Amino acid sequence: MTALHTQPAADAPAATTSTLDLAGVSRWYGNVVAVNDVTMRLGPGVTGLLGPNGAGKTTLLHMMAGFLAPSRGAVTLDGEPTWRNPGVYRRLGLVSEREAVHTFLSAYEFVLASAKLHRLPDPEAAARRAIELVELEGAQGRRIGTYSKGMRQRTRVAAALVHDPQVLLLDEPFNGMDPRQRLHMMALLHRLGDAGRTILFSSHILEEVEQVSGTVQVMVAGRLAASGDYRTIRRLMTNRPHVFAVRSTDDRALAVALMAESSVSGVELGRTGLTVKAGDYGAFTRALPRIALRHGIRVRQLLPEDESLESVFSYLVEA
Amino acid sequence: MSTVTWITARGLFGRSRFLMLLPLPLVLIGLAVLCRSLGVDPGQWGPPVLVGLGLAVVLPVVALIVGTGVLGAEIDDGTVVHILTKPLPRWQIVLPKLAVAAGVSAVTVAVPLYVAGVLADSVRLGLALVAASVAGALAYSALFLALSLVSRRPVLLGLVYVLIWEGLLGRFVDGTKVLSVQQWVIALADRIAPTALLGTTVSVPVAAVLTALVTVGFTALAVDRLRSFSVAGETS
Amino acid sequence: MSDATGVIHDIGYQRYTGPRLGRRQVFGALYGHGLRTVFGLGRSAKAKIFPWLVVAVVTVVAAGLTAVRSQLGQVVLTYAQFADAMSWLVIFFVAVAAPELVSRDLRSGVLPLYFSRPLPRGDYALAKLAALMTALWLLLGGPQLVMFLGAAFTTSRGMRGVWDELLDLLPGLLYAGLWAVVFASIGLLVASLTGKRAFAAGGIVAVFLMTTPVVGVLSIMPSRTVNELAFLASPSSLVSGVGTWALGDLLTQGQEGGIPIGGFGPVYAVVAVLLVAACVSLLLLRYRKVAAR
C-alpha cells in the first residue's frame, strides 16, 4: 500500500479494488428532481456516465464525491457513506467540471500541496509522478494562471491522481482538450481502468465514451435509463430493428434469400453491399451463415451498422 | 506551517488586491502623527482616531475583507473543492484559515493602533490596544469566516452587522452594545490601560466571556458547515 | 449530374428593415434596467433581500418619526436631517447596489456584447450612474414623502399648514438629490474598478467610512480655517456643508443644526461639483479602457 501511495504508477495493479454503490439515490432542489431513484454499482474498470445536458450527471457525481447529500437513498464507497466523511478521499479522487485552480501557484506547487494534504510519505516524488502521468513536466514551474484550458485540466487530473486513488470520478474531463491531449487522456484512463481502478467519467459527447469505455451508465432526465455494455444494451432493445451491413460474393441472390427469413424485416441493395434490417439480433446472426451455406454464397463482411453508442443513446433518449 | 496555511497565505498575499488594505492603517498612523506634531490635546483627538477610526472602522473592515476572503473567495471561484477532496478532518481546514485571517487582520490593525496609542497616551495604552485588537480580530474573523459558509453574500451580511448593528443601532440603541464586538474590544482595552480616552457601557467580564464565546461558537459553526459543504447544484 | 437542382425555400426569414429606435431609447433601456437591478426587480428573491432591507429600515424610521410628531408634536428630525441621519444606510445601499450594477458585468464579461451595439461607451456608464442616482434619491425621498403625508394629514392649520409643510419638504428633496449625486458618483467609480462584488462592496464602505474620522480629527486642529474646511474630507460631511450653505435655514428649520463651515460655503459647493465631475470623468475614462481590452 505504501509503495503504491508514493508511486502513482498507472499500470501497477491496484492492491485492493473499491466499489462505489448507489442505492435508490434521489436528489431534488425544491420542486425540481435532478436525480431520480438511481441504483448502480461501479466496480473496477472504466465506466462512462452518459446523458444530455441537464440529465443530472453532475449532481450524481457530486453526490458520489460527497459534495451533496442525497435527498433520499445512500451513496457508499466500500460500505462507508461519502457524505460528511472526509476519510473516503483517501480512496477517491475527483476532477470537477469547473475549471477552477489556484492560479497563483505553479502546477508543481499545486500538485505538491495536494500530495501534502493527503499526508503522503514522499510528497515530492508523488507530485513528480503525477505530473509525468499527465505530461506536464515542461510547464510545471509556471504559474497556472498562464496555462491553456487543457493544461489546467491536466493539472487538476494530476492533483486528483497524486494519491493514486482506487476510485476516480471525472466530470467532463475532455472539455477544452485538443485531440492529442484527448487521446492521451483516454489512454491514461484505459491504463488506470485495466490496472483495477474504478473510473467514472461523465460526458455528453458520445464518441468520447465510445472510445474509452464499453460500459456505460445512461442518464436521461434524472433517471438511470440503461447500464452495462452498450452493445448488450442495444441488443436488448428488440422493438427497434438492428441494421447490418453485409458484403458477399452475390449480394443480389443473398438479398432474395434473406427476404424469406422471418427475422429479417427489410433488405436494401446498395452499390457496396446489402443493408439488412433484422428484428431479432440473435436469430438473424444464427440464420445468416445457414442461408449463405445453402445458397453457396460467401459472406465477406458482416458489420452491425448501428451498434454505435449514438444509436443506443438516441434510442434511449427518444424512448 | 501547514499546507492549508501556506495556500491561504499565498492566496492572500500573492495578489495585488492585498495592497488595497494598506491605506487604512496608513491613514490611522498619519492622523495620529499629525495631531501629535501639532500639539493637539490627546483627550480631543484620541477618541476619534483610536475608537472612531481604529476600532470602529479599520478593525472590522480589514477583518471583513480578510475574513471573508480566506474561504469565501475560494468558495466563490470553486477552488475550495481541491482542499475539500482531501482526507482532512474539517477543523484542520477551518483552524489554519482562521489563524491566517486573524493573524493578518491583527497585524494590520495592531501596529498602527500601537503607534497611535503610544502617541496619544503611553506605551501601556499602546499595548492594551494591541491586546484588545488581537482579541477583536479573532472574534471578527471567526464571525466573518462562518458567514462565508452560511451565505453566498458574506461581505454584505458582514456589512449589515458592522454598519447597521454596530454602527447605527450601537449609537442610538444602547442595548445592542452588549452584543457588539466593537464595544467588547473597547472594554478590554480600557481595562488593561484605564484612560479617559476609551469608554463603554459594557462590563469587562461580559466583554471577555462574550468575545471568547463568539470566537469559539462561530469557529465551531464554520467547522460544522464545512463538514456538510454542498457544491451548488445546476438547478438551485 | 447536370440535372441536379437545388433550391432554398423561402420560409419567411428576413432581415429587419424597419425603423430602428435611437440612442435615447438605448440609454433609456439601460437606465430602466439598471434601476430595476438596484432594487432586485425581475431577479431572484435573494437579490431583493439587501436593497429592500434598507428600504424597509428607512421607511420604518420615517413612519416612527411621523408617529412621534403627530402624538407629541415634536419634530425629532427635519426632512434634511433625515438624510444625514440615514447616511450609514445610504453607504450600505451603495455598497449593495453599485457592484450589482457594474461589477457583475465586468465579471461575467458581457461588456463586449454591450459595446457591439450602437451604444457609445460613455452612455453605458452614464446610464448606470443615472440609475444609481435615481435609486438613491428615491431611497431618501420616499421616506420624506411619508413624513410629509403624515404631517399634512395631521396638521391643525388646514391648507396653510400643508403648504408650509410642502415648502419644508422641497428643500429636503433637493438635498436628497445632492446626496444621491455625490454618493452614486463615488460608489460607482469604486465598483467599476473590480469585477468581484465582494471586493467592490468592501472598497466602497472603506472609502466612505475611513473619511469620516478624518473629519473628526481635522475639526479639532488648532486652526479655525482648518476646522471650517475639515468637512471637505468626507463625502457625507461635504454634502452637509453644501446643504448648510445653499439651503441654510431651510434645512434646519430654525433648529440647532448645520455644521460650522464659517464663510467657506462657496468652497464646499465648488469642491462638491469638482468631486462629482472628477468621479464621472474617471468613470468614463475607465470604460474607455475596459472597452478597449
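Read from first to last, the chains carry the letters A, B and C; within each, the first residue is number 1.
We adopt the following convention: a contact is a pair of C-beta atoms (placed from the backbone, for glycine too) under 8 Å apart; a residue touches a chain by one contact, two chains touch by 3 or more.
A quick note: this is a predicted structure, and the numbers were derived from the prediction, not measured.
A.B. asks: If I drop subunit B from the contact graph, what connected components are left?
C.D. replies: Components, subunit B removed in thought: A | C.
A.B. asks: By CA centroid distance, what chain is farthest from subunit B?
C.D. replies: Chain A.
A.B. asks: Based on mean C-alpha positions, which chain is nearest the centroid of every protein C-alpha shown?
C.D. replies: B
A.B. asks: Using CA atom averages as chain centres, what separation in Å is found between subunit A and subunit B?
C.D. replies: The separation of the two C-alpha centroids amounts to 48 Å.
A.B. asks: Report, in whole Å, the distance between the mean C-alpha point of subunit A and the mean C-alpha point of subunit C.
C.D. replies: From the centre of subunit A to the centre of subunit C is 54 Å.
A.B. asks: At what distance in angstrom does the C-alpha mean of subunit C lie from that of subunit B?
C.D. replies: 29
A.B. asks: Touching two or more other chains, which residues of subunit B qualify?
C.D. replies: none
A.B. asks: Could you list, by residue number, the parts of subunit B that touch subunit C in their complex?
C.D. replies: Subunit B reaches subunit C through residues 17, 20, 23-24, 27, 31, 34-35, 38-41, 44-45, 48-49, 52-53, 56-58, 61, 64-65, 68-69, 72-73, 76, 152-156, 159-160, 162-164, 167-168.
A.B. asks: Quick one: which bits of subunit A touch subunit B in the complex? Just the residue numbers, please.
C.D. replies: 27, 29-30, 32, 34, 54, 58-59, 62, 65, 67-69, 83-84, 86-90, 92-94, 96, 98, 100-102, 104-105, 110, 113-114, 116-119, 156, 159-160
A.B. asks: Please name which positions on subunit B make contact with subunit A in the complex.
C.D. replies: Per the stated touch rule, the residues are 3-4, 6-7, 10-11, 14-15, 77-79, 81-90, 227-231, 233-236.
A.B. asks: If we count contacts the way the header does, which residues on subunit C are in touch with subunit B in the complex?
C.D. replies: 46, 50, 53, 57, 88-89, 91-92, 95-96, 196-199, 201-203, 205-206, 209-210, 212-214, 216-217, 220-222
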